[in-house]
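Both complexes shown next keep chain A, but they swap its partner, so chain B is in the first and chain C is in the second.
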Partner chain A sequence: MAIVKVERPKLSAGEKIYFGAILKGMVITLRHAFRSLAGKSTGAETLKSSGIGVTMQYPEQKWDDQMPEYYRGAPALVTDEQDRERCVSCQLCEFICPPKAIKITPGEIPSDDEWAKVEKRPKEFEIDMIRCIYCGMCEEVCPEQAIYLRPDYAITGTNRSEMVHDKKRLYEIGGKRVGLVNKWNELK
Partner chain B sequence: MSEDATATAELKLPKDVAAEKGMVNVQIDGKWIQVPRGTRMIEAAKMAQKEIPHYCYHPKLSSPGNCRMCLVQMGMPPRPAPGEDPKYGEDGYQEIGWMPRPVIACANTVAENMGIRTTGELVEKTREGVMEFLLINHPLDCPICDQAGECKLQEFSVEHGRGQSRFKEDKIKKPKNVDIGKNIRLDDERCIMCSRCIRFMDEVAEEPVLGFSQRGTHTSVTVHPGYRLDNNYSLNTADICPVGALTSNDFRFQMRVWFLKETKSIDLNCGTGCNTVIWTRGNEIFRVTPRQNDEVNSAWMPDSHRLAFHQLQTDDRLTAPLVLKDGKHVETSWLEATAKAAEVLAMRQPNEVAVIASGRLSNEELYLARKIAGALKTELLSLVPRVGESDGKLISADRNPNTTGASLIWESDDPGAKLDAIREGVAAGKIKALLCLGEDLLEEAGFKPTHLKKLDHLVVTHTHANPTAAHAAVVLPGVGFAEKRATYVNVTGRLQRTNQAVIAPGGVRDDWESLACLLAKLDPDYEVPASMDGVIGALGGEIEAFQGQSFGKIGDLGVQITDTGVTIPLLEQERARIASGQIVG
Partner chain C sequence: MDLDLPFLIASLIKIGVFIGITMTFVSVCVIFERRFSAIIQDRVGPNRTMIPLSILGFKKDLALPIGGLTQPVADGLKFILKEDFTPSYVRKFFFWLAPALVVVPALLTMAVIPFGSPMEIGSEYIPLAVADLNVGPLFIFAIASLAVYGITLAGWASNSKYPFFGGVRSCAQMISYEIALGLSIIPVLMFFGGLNLGQIVDDQVANGWLLLPLWNEGGLIVTPGYWADPGEAIQRLLLLVPIVISFVIFTTSIFAETNRMPFDLPECETELVGGYHTEYSSMKFALFFMGEYAAMVVGSALIVTLFLGGWSIGFGIDQLLPTGAWWVSLLHLGVFLGKVTFFILFFILVRWTVPRFRYDQLMNLGWIVFFEAALINVFLAALVMAYPSLGLIGVLVGFALLLTVTILLIKIAKGATGKPSVTAV
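Now for the complex of A and B:
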């Protein structure tokens, strides 16, 4: 490898005091400042600017409609067309979950229930959102298409217990999901 | 050349060498091994460390050969023409002529110069075909099926199946979630007709209530009309069911098996001491299943004993030492409780003190109980006998798991003999202080509350809060069967061990430790050993039967340390069936 000696550039006296360059920078900054006050910042429209500059005023403004289909937010449970809870508490998600965020208490469906033939459902289903890393393994492993990562990303709470999503909360986030395989709906 | 020929003629052929030992030569996947004459092909393959997948075959049951999963390719030397001598190759074996169709390995026995192929195109195609037929009507229940994770159908379908179903027609519908007995749930759709449960109920439990009904694809396992599967050995059918057709009501939907940790232990509900596996997750026991030990429990276990673990996980467990202060029990430190116990026991004359130990205590605890009685200079040391009726199978008439251990350690033929004397002494007011280890005296010991009120001082150790403990001056909490390492001697004289599966609530001290500390207070010369192994060592030094024994030496299957002459009826029945060739054993 040949050694290349890099010479320092020779600066003129004007360049050496840097004043010109500083002034130039200030002019550019000021120009952008005035433009942003006039609501003419570059890319303001595509970045959903709130009016001044390109900044979106979160949480008053949100970029939810910009989110891609495949966005991985909070994992949640879904019900099918007949409002049947799809989860049968097979506990595969609990097993696969890398940070061990999921805790399921399995339970039997009582014999007088409309869906008694499914036999099993979660008595309690808890996802600790402090632990969750949004990897989507639970969705991938689910044999019943019951758990999905939803676009909800603003998971907040003021203490640890609020950050644990219980079954009720998970169905609230998940809602109804149609067009999935319905293996329990056939005459059985 | 001629020299070579004479040399081979002098050497014995492999078949003659094997025949002298009652063995035969079998070639398994190209390798020759010697196996005993009359061995099943599947067992011979097991000896050669080759797995032959199977469903219906179980060494402890008869072999009907109906699942067809164990099909292998078999070959024998071609039959010589009349007058022709058999030809032996250079290795001394005859050439094997392979049969074009497979045979079942579970019900056929090996023969001299037989060849078995457990792999190869024919065998693999056959298995794939059998798996496809088994899966045709099998429902997609795995997510809700308790067997998932320990299901042979899942395992072999991954290993030997074709991966995808070609079946376009509708699956046969059969009864699901059928209540056939107290402990067992039946799902007929999942059944693969291996008939293991039917044979178990017929041959081992001797209550043949199960059978097949219908024909063809509609064949299903049913319980005989008017009968239920309420036998005390019914849960063994769930254990041997290779699929999820029979599942345990108790364990149903409690936890997936892949979360459970297995701890080898023994059962402490009777003198037999069935070998068990305790399945736990976290600090909770989910189920107890039998573990094979041909000297104790074969591969079975009574339902009543395996469900007894629930008694351990109740809310009334004692979690801290208690002393009586102003008529109320208050929690205190181990140090204070032990000192108080020693004080109240030692302040009486030797003939005013008695020690009642439980037959459920381990060898180490019984040894320390004897030492404590010695330190108190009292002769009044007794067990509480628990005598029931043997069920003629695995449940021993002696419901204490360690009566034999007590006889050995206390050097007494009847360790429970003095119980009546102690009770009468207490009733007459002669005995003023009583140490009660692991027993509720108001239960089986025949004591009455009025007796206990006559005592000046009562010291109790127990796992649970109980009426006897309510009368006690000092209560020391104990640990249960799954919470400690300990050794026991069963009715036949076999030394066995339990392992710790869970931690006792409240982080309670091990029983041997609390007793050793109490002994150290009573006898200043006694030094508390660093671990339980020290107690076994000391025990071995004093009692001949335990000489040289250690926790590690006992092993998972135990060691016979004495012969009591007692036999386990189920094992006798099993041995008779092995001798008559009905089962492999």
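Now for the complex of A and C:
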């Protein structure tokens, strides 16, 4: 490699005095201050600013409508078109879950039930949201397409037991999901 | 000696009020620093501190729409409630003494600043300064320089190398800039012919602020009364040159004295872990910040008093108001505080604008640029002032002499700032 000698830039007398540069800098900072007070900072519009600077103020304003479809938030159970619980409590998600956040109590479907041929559904399905790391492995491993990571991200509670999502809560978050493979349905 | 009871009571009230004002301004500094820096950086800043009634058992917190004005209270409470941890290896006595030594001088210097015009109570005029000393600026420099001990002791007593570096840096920096600080206001004192800050302000009320001589006893600059004595008026305007130089040097030195950006070398996360206050926690740590902000308030107050007319409204309005009425005094107090607030905002703006200096640049600026510039400035101001007695020829000769000395000094200074010799290592 050839050695390139970089010369220091020659400064004019005005530049050496330094005050011009300071004043220029102050004009820039003051312009930022006034523009951010007026809510006209660069990018304020695209970043949906609250009116001061470019900041969106969280609990009042949310970014939810910008959330991508694939966002990995809280894992939740889904039902199909006929309101059947898709989960057959095979417990694969429980076994693969890296932080061991999922706990499933399998239950048998009684023989007089409409979906008796599915044989099993979870009696209890608990996800401890303090443990969950949102890795999405449960979604990946599920052979029944029953568990999905939803875009819910603000999972809060005032104590530990509130942070454990039970079956009811999980279906609440997950809701009904259509357009999946329905291998237990009669083909029509 | 007789005990002057009314004087004693008045002084006590003044001490209480002015310390209250200073401390309020310290918290104003905190909130301004946080919110103004935020809006400079296109952020919002702390805007939702509220009064936490819920911890007292009420249903809801009281959220007043004041844009986070209670933030300093929250900051202070946080500092008080934090654990006050004293490491086992520190030199305890000095470790405890240091924070106090930073705060006390800053608050003491407030004593000579005239906050407002004298108030007439009974038949007596009471100056709105705790001590109307005849050595105001000297007193401020003498006491303010004691803050060096606080910071240096903090660094040394921590018994830990990085705080020590911070303390040493601060010591060298503050001592260097004190010289420029003292020399830069000599033209100002020469102009006023006295060191009493109260009289300096009175003079500015009558003859225009030092930096804005837009009026004198004759009237505003646009009226013929101002030009009653054209020679004197032109001399006054010519005097602006040394005074502006004084102002720039003085303001910059105040920045260095208060350890603020761009001269905040004693505090440095990347080089010194934290600075002279690395080993401090809780309220002792907060005291350093209070000291810094109080010094900033006093510095702004001093700049305002010396260069921008102190409490005067200016433009001849002060003469129209009745002297000594209580509401006039309070109005003047408000004007003074407004000017100080403006300067605090200026301090903050500079902090977020100017990048910090390297340490050798800082020392060069202090010893080679400001020291010489202040010295030459003294003679420049003297020449302008001596014009009536020296006559044109004398002044021109003096100016030529001064120019020669200046050029010579610049030559010498250039040699001093030249490339560091490698062989010296």
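In this section, the second predicted complex is superposed on the first by the 159 of 188 C-alpha atoms of A that agree within 3 Å, B and C clash if a C-alpha of one lies under 4 Å from a C-alpha of the other, contacts with A are read in each partner's own complex, and residues count from 1 in each chain.
Quick note on the criterion: contacts are C-beta pairs under 8 Å (C-beta built on N, C-alpha and C of every residue); 3 or more make two chains touch, one makes a residue touch a chain.
All figures in this text were calculated on a predicted structure; none of them were measured in a lab.
In the superposition on chain A, see if there is space for chain B and chain C together, and answer fit or clash.
Fit - chain B and chain C, as placed by superposing on chain A, sit side by side.
Return first, second, both or neither, reflecting whether A:K117 touches chain B, chain C, both chains, or no partner chain.
Once the two structures are laid over each other on A, A:K117 reaches chain B alone.
In the overlaid three-chain picture, which partner chain does A:G107 touch, first (chain B) or second (chain C), both, or neither?
A:G107: touches chain B, not chain C.
After lining up the shared chain so the two structures overlap, which partner does A:Q145 touch, if you call chain B first and chain C second: first, second, both or neither?
Neither: A:Q145 stays clear of chain B and chain C.
Touch test for A:N182: chain B only (first), chain C only (second), both, or neither?
After superposition on chain A, A:N182 lies in contact with neither partner.
Just checking: does A:T79 make contact with chain B only, chain C only, both, or neither of them? Give me first, second, both or neither.
neither
Does the superposition put A:G25 against chain B (first), chain C (second), both, or neither?
second
Could you state the shortest Cα distance, in Å, between chain B and chain C after the structures are superposed?
Once the two complexes are overlaid, chain B and chain C approach no closer than 41 Å between C-alpha atoms.
Would you pull the chain A residues touching chain B in the complex into a rising list?
88-92, 94-95, 106-108, 116-120, 143-144, 183, 188
Considering the complex alone, what residue numbers of chain A touch chain C?
19, 22, 25-26, 28-30, 32-33, 35-37, 41-42, 44, 50, 52-55, 57
Over in the complex, which chain C residues touch chain A? Could you list them?
36, 38-44, 47, 248, 349-350, 352-354
Over in the complex, which chain B residues touch chain A? Could you list them?
Residues 140, 142-144, 148, 173, 176-177, 252-256, 258-259 of chain B touch chain A in their complex.
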